[in-house]
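Pasting the structures in now, so scroll down.
The following pair of complexes shares a single chain, chain A, combined with chain B in the former and chain C in the latter.
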Partner chain A sequence: MFGYTFQWKQVFARLPQMLDGALVTMQIAVLSMVIGIVLAVLLTLFRQSGSRLLSGIATAWVEIARNTPALFQIYMAHFGLGSFGIHLSPYVSLLVGITFNNAGYLAENFRGALKAIPETQTRAGRSLGMSPLQAFRHIVVPQMLRIAFLPMTNQMVWAVLMTSLGVTVGMNTDLFGVTQDLNALTFRTFELFAVAAVIFYLIVKVIQTAARLIAWRLFRY
Partner chain B sequence: MIEIENVRKSFGSLEVLKGIDLTVDKGEVLTVIGGSGSGKSTLLTCINGLEPINGGRIVVDGIEVHAKSTNLNKLRQKIGIVFQQFNAFPHLTVLENVTLAPRKVLGMSKAQAEEIAVRQLSHVGLGDKLGVYPTRMSGGQQQRMAIARALAMSPSYMLFDEVTSALDPMLVGEVLDTLRMLASEGMTMICVTHEMKFAREVSDRVAFFHKGVMAEIAPPAELFGAPKDPELQKFLAATH
Partner chain C sequence: MFDTALTAADLLFLAKGAGVTILVTLISVALGTLLGIVFGVIRYQVGPWWAAPLTFVLDVFRSVPLLIQLVLANAFLGVVLKLRMSGFTVACGVLTMYTAAYCAEIVRGGIEAVPMNTRRAARSLGMTWRQDMTSIVMPLATRVALPSWIGLALGVMKDSALVYVVQVTELLKSTQILITRLQEPLFLLMICGAFYFLISFPLARLGGYLERRWTND
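After this line comes the complex of A and B, so read on.
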């Protein structure tokens, strides 16, 4: 009807390249989550520290990460830092941008989770002779984890989807970047991006299913 | 022995303990009665150092609780406390609730801690609930679990802070029976309570707190039979 003939064969022939791209996408998402969680824990501690400087840094981070576009954050990592002579590769820029975003959102989740656990839990632990650290580790953290788990899963999904923004800083080895390059090569635009979308969808489904299994295994109470 | 000397405690400008003097001997069961806000619960949390004090001193077995050099984590191992809100750890099973502190604080092996936990839990009538999560249990059961959890640390003293106040009236009996059992076994106990009948039955002495002052202390027969303090007379008339 629009004079467009679907040619799936050409696209399926490139599937291995796209799946390689999907691996890179997964790699960035996982790395950005692992580093993001570590940073988010630090930011949460900063905000609890009582130091105005530390809590100021943490608050600024969380505010910027949550209230500006992820694309802006990735641009800043690439072109923004570039202005100061710090040149990051597209891969690193994308990783830095997404990690920055993850850390901000996760820090807020962790803060909420921490608030949800009554002070009396720590008190009960301390009254049994536990040190503050022991009470935090064995009583507060496991309960926090349960509360923060679902938001963490969501953030992981976001991290996967955000990798598609890498194409704007010249990233061409991830799923979206590979697809973009193949499009320039073959002009099978609809087919290529439809397949890419299906792969994204499947990755997300796998993450959600895995998360559900982990939650079922971990949180029996 | 717990020695409390002229203890003062304020929350901001509100003075909740106005110079308390009290000694509790080994094996004694002391109950503390009094209206809300009389300072009786605060005294308990001061005894195990959960709350700092503003004056006086508390000495437990020769160790001054609020001295800077005191290792509170170590001291608390010998002073068990059970709260009004049971404070069960919801993410742990009943057995894990009770073994956590013996394992992490006393460094016991899992098997060793479980042996003690099973014994204490059976003792309070929860021997069949080991693998259950606390949220699946009644308030009375959770409170008995909290008692077993404190006992698993083999404390020399047990403090009970209105442990039946948050319970359904139907469940008060089972918890009081547990306390009676401990008293009969010679545990040194301080019980803050609103259960007058219980106080009368199990106590060696009963202390009446009013507005941050210990207005009267006497054996139960005397305190309930012939109260001297006018506030206590009012209190008993109201609660009879």
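After this line comes the complex of A and C, so read on.
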């Protein structure tokens, strides 16, 4: 029909290699998300702190992360830091780039969620004799997580998709990198990338289903 | 750092790349939005069951990395169907579908935000479905959807940095070409980043402003 013979066998023979790549992809995504959440909480606190310097740093971080391409941020981590004599491996550059991006977006989500919780909630907690930290921890954080959970899931999906950008800085162990290398060996571009696309799709679906289950378990009263 | 080998010709080269970035973005956002509105209305109109195939296809565009979409489209059109297509066309085509997939979701959300009673009132006054859609639903849904749409358009502009993979020399790729030649990565990347930032930041602020202004009433 197309005058082109699809050769799926060759691709399926290399599926184990690609699945190993998928594991690396997941590893980077999870790591970048965990570090990203920690940094985002710090950035949110910095912005609330009232100190001009701290909130300035946090605002600059958030705005740069949100208003430049993720690929640019990864280039910055790889080539930009290289100008200062800091040479990162492709894996670390990719991780730094995605984490920077995640932290910026998550900080904005957290700020929005924090704003959505009325001040009276904290005051009610304080009236019951809670310390400020207790009120924050037991009253504000659970409600904040509830609001920020869906955006966090989306960010996790984004993190997985963004790992494919690592190939631009020479990463060759993640799913996209492995596929690219196999492509150079076999020239079955369409078949290989179609399989990679299916794997990415499945990873995303697993994340979304897991998030739905976790949300259902956590957020029922 | 301030004595640079950057010449006026190089700056022109960068400006050309920036032009390509803007052109690809404008074409894809315009076409993608039109398609997205059509898809969004269809999805809302026929209900979740009959729209399932469309929902699935649009979901694929949101769950597969753009880089892979571009490589796949290029390989499919060029190697499998043996069509001669410029990288620019492929890039615009893929980004259009990518935009449409997100836009459909925004449009559906916008339509769902219009209270059913308002629409019933319109129909009771004798308005046709078309009149109801254009003079009742559209103005109200736009208020809900416009801030997210601005975010989407900016997202597409940032994601258009990936079209280098189908041999389109946009801003980031032309920056990289200059980096290879001049060996001044930091300076060149700063110029490139500043360009994206200067377009994205004011529009993002505008989106945030509209969102704040329009949520109260």
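Keep in mind that, in the parts below, the second predicted complex is superposed on the first by the 217 of 221 C-alpha atoms of A that agree within 3 Å, B and C clash if a C-alpha of one lies under 4 Å from a C-alpha of the other, contacts with A are read in each partner's own complex, and residues count from 1 in each chain.
Here is the rule we go by: a residue touches a chain if its C-beta (ideal position, glycine included) is under 8 Å from a C-beta of that chain, and two chains touch if they have at least 3 such contacts.
Please read these numbers as outputs of a predicted model, since none were measured by experiment.
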item	value
Which of chain B and chain C A:W8 touches, first, second, both or neither	neither
Which superposed partner A:P142 touches (first chain B, second chain C, both, neither)	first
Touched partner set for A:R220, first chain B, second chain C, both or neither	first
Which of chain B and chain C A:M130 touches, first, second, both or neither	first
Residue contacts with chain A in the superposition, chain B compared against chain C	C
Partner chain in contact with A:K205 - chain B first, chain C second, else both or neither	second
Doubly contacted chain A residues - partners chain C and chain B	none
Contacting residues of chain C [partner chain A, same complex]	60, 63-69, 71-72, 75-76, 79-82, 154, 158-159, 161-162, 172, 176, 179, 184-186, 189, 192-193, 196-197, 200-201, 204
Chain B residues within the chain A interface of the complex	48, 50, 73-74, 76-77, 80-81, 83, 85, 87, 89-92, 100-101, 104-106, 133, 135, 146, 149-150, 153
Chain A to chain C touching residues, read off their complex	2-4, 63-64, 66-72, 75-76, 79-80, 82-84, 157, 161-162, 164-165, 167, 176, 189-190, 193-194, 196-197, 200-201, 204-205
Residues of chain A touching chain B in the complex	120-121, 123-131, 134, 138-139, 142-143, 146, 219-221
